[in-house]
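Everything below concerns the one structure shown next.
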């Protein structure tokens, strides 16, 4: 399978060498393509978002309390959407982080070997279920059930979004945290046990702190997933662009940034202020998730390099 | 064991702290230790020597039941601490490990501050009060001959210390739980000669208060610090007696070959 | 200090471990229950006609999804594997490589609806593809690109360096080594990555919402890549939220089919990967 003789001579010739160079360039180009795409995405979002600033200022958008894109005059206040996303995401994390961490600790430290073999792939499978299916299940099954139990007028509300998102973010949190816990060297555990600690004391006082960076990275990645989720929240949160208030807000319909884009773009004409406003939201989402994922990646890199 | 065999294993005078009687250790079907019987005297240093891989570390780990961590390990025979069976049903293993402490080959400080490393054990006990912890930390760091070097930088990460300092910190960490026995598994093999010297000096001080068992592949170290020495070969205890006698006048030919460097 | 049992730490451990058991249960059991209900309700409603009929069945959606993921794979494979080859075999570290990796991490984290916006802006509008299969596939290819790159790079790195060394020692050039030694040995791993990306593409809705998908009974199959398509996830979305009068059973069936498809693809990939690990030829 290795070239020799005749092929070798061909390579040394001009044509062969040029071909090699061309191929090398093509491969380098496909590597650099990733950078090009990121820049392109940012550029096109910017291109179609900036025209909004002709009619609405950034301040008006961020602090505006009304999102009424189709009224006369149109209002593009993002506050209800920002708060909607905040509520749903925060609620999701409140459920997903403790449960996810506990599950990660369980799988790597407590579960017997055979159970580990089953649980790890099961959690990974959960992560692959499409968001539209989560939305469907929330809409058809869990929403109505919860509405009955909690006596709610409408089976579509922020808390339902949080619950579904929690189960979508959890596999990420569990996977990454579990990897981080597993990466803690056995010798550290041995030293703790040799000092007379129980397994739980060792987990709590040595293993989890040592895995801290990786766990934070997992949480951040889960956060990124939750912020960016579209279909699920579109289908279960009720899509009412109202400002949620207090804890009660969880039991009422809200609307997230992502759902706004997905729900309204279909009926928006090209190059109208509404169109630009939706792109502006897209731009914001791009920047937010970029930051969250960059921090998470740095944290993973640090935890991988620092297991001394 | 034959009568001739018993002669090879001396029983030290005075108080016996740890005892093993007909101890065998299996990892699944592989037999790592065969019929080991030995008495470890209190407040002395006992060295276990022999070529690598012949079961010395495995034997050491029987005394604080660290072998429990290996699922395939099976211990037969009796291991006692002050006459109490260490593998008995009512034994609280974490408690056992507080009485029988261990220092490992590679210093493994927790990724915390020096102070927190030393205070780890007492905190497990439930000691919470700052002043009490301060006292214990200072006492153990002094006991490990490390206090003067770190007393002003207790909050710094333990990972910043040198190898020798980290190993002394590991010792301090164990001293803080106030054990009666110190099991040391090749404690100097990862250290340079100066650091090794310091630890050997420390061991000689510590033996006044603690019973020490040290596994070492360095015969010179064994002859320098220990009062009793046992020679292991392929999972068997070939000979055990006072260090002076074992090195200058070994009873078994294999011991003789080993201490003269004819194999290793 | 005696060796009598101390209640406190052991009790704390027992309590803590039971909490951990409960947490694990709280994660697994509801998920299993809900999925079980879905398969039960959906399974009952799936009939052969349902799967294959055009008018009231899922055939257009299944065909549309199949066309979409196939075209997506076709576009993303050369780009993704090429990038992976660059990172694993050609790159020499330094700023460019770090930037590329950062870009891939970034692409992996972009919300799917933002990909939809980008697809709308670039492929549909500026490049004037219109809402069609091609625009959807291009958009989706971008979305799965990070997945393909990561999986392929891992597969390439698994090939031991001694194989490369042997090749170079015999006078091969870099590309010859890659093409004849590295790629063939990494191919199974690369294929696993492709299967995973196909599974991902099959389930995503937001990227095709404004770029490719529609819900139509009159034009069920695209005649060319420039025609819009009906896709399973979009079909499920519309059935659940907008289309009135769709029988509940049909909705469950559609959901079940989609989940079976996606889970099936992922399961195949996972098993493939597990078998790979066992049958290492070196």
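Should a chain be cited, it is by its letter among A, B and C, assigned in written order, with residues numbered from 1 in that chain.
We adopt the following convention: a contact is a pair of C-beta atoms (placed from the backbone, for glycine too) under 8 Å apart; a residue touches a chain by one contact, two chains touch by 3 or more.
This is a predicted model, so every value here is computed, not measured.
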*More contacting C-beta pairs: A-C or A-B?*
A-C
*Among the chains, which has its CA centre at the largest distance from subunit C's?*
B
_Per-chain Cα centre nearest the global Cα centre, belonging to chain_ = A
*For subunit B paired with subunit C, centre-to-centre distance based on mean C-alpha positions, whole Å*: 53
*Distance between chain centroids, defined by C-alpha means - subunit A, subunit B (Å)*: 50
*For subunit A and subunit C, what's the span in angstrom between their mean Cα positions?*
15
*asked:* Could you pull out the residues of subunit B that touch at least 2 other chains?
replied: 94-96, 98, 124
*Check each residue of subunit C and list the ones that touch at least two other chains.*
9-10
*Where in subunit A do residues touch two or more other chains at once?*
197-198, 201
*Once bound in the complex, which stretches of subunit A touch subunit C?*
1-4, 8, 11, 20, 23-24, 26-35, 37-38, 40-41, 44-45, 47-48, 98-100, 102-103, 105-107, 110-111, 119, 121-126, 128-133, 135-137, 139-142, 167, 170, 174, 197-201, 204, 221, 224, 227-231, 235, 258, 261-262, 265-266, 270, 278-279, 282, 285-286, 289-290, 292-294, 297
*Residues of subunit B touching subunit A in their complex?*
64, 66, 69, 94-98, 101-102, 104, 106, 108, 110-112, 120-121, 123-124, 159, 170, 173-174, 177
*Residues of subunit B touching subunit C in their complex?*
84, 90-92, 94-96, 98-99, 124, 126, 178
*Which positions of subunit A touch subunit B when the two form their complex?*
185, 187-188, 190-198, 201, 205-206, 209-210, 306, 308
*Touching residues on subunit C, where the partner in the complex is subunit A*: 9-10, 12-13, 16-17, 19-21, 23-24, 26-28, 30-31, 34, 37-38, 78-79, 82-83, 85-87, 89-91, 96, 99-100, 102-118, 120-122, 125-126, 142, 145-146, 149, 166-167, 170-176, 180-181, 199-200, 202-206, 209-210, 233-234, 236-237, 240-241, 248, 251-252, 255, 258-259, 262-263, 266-267, 270
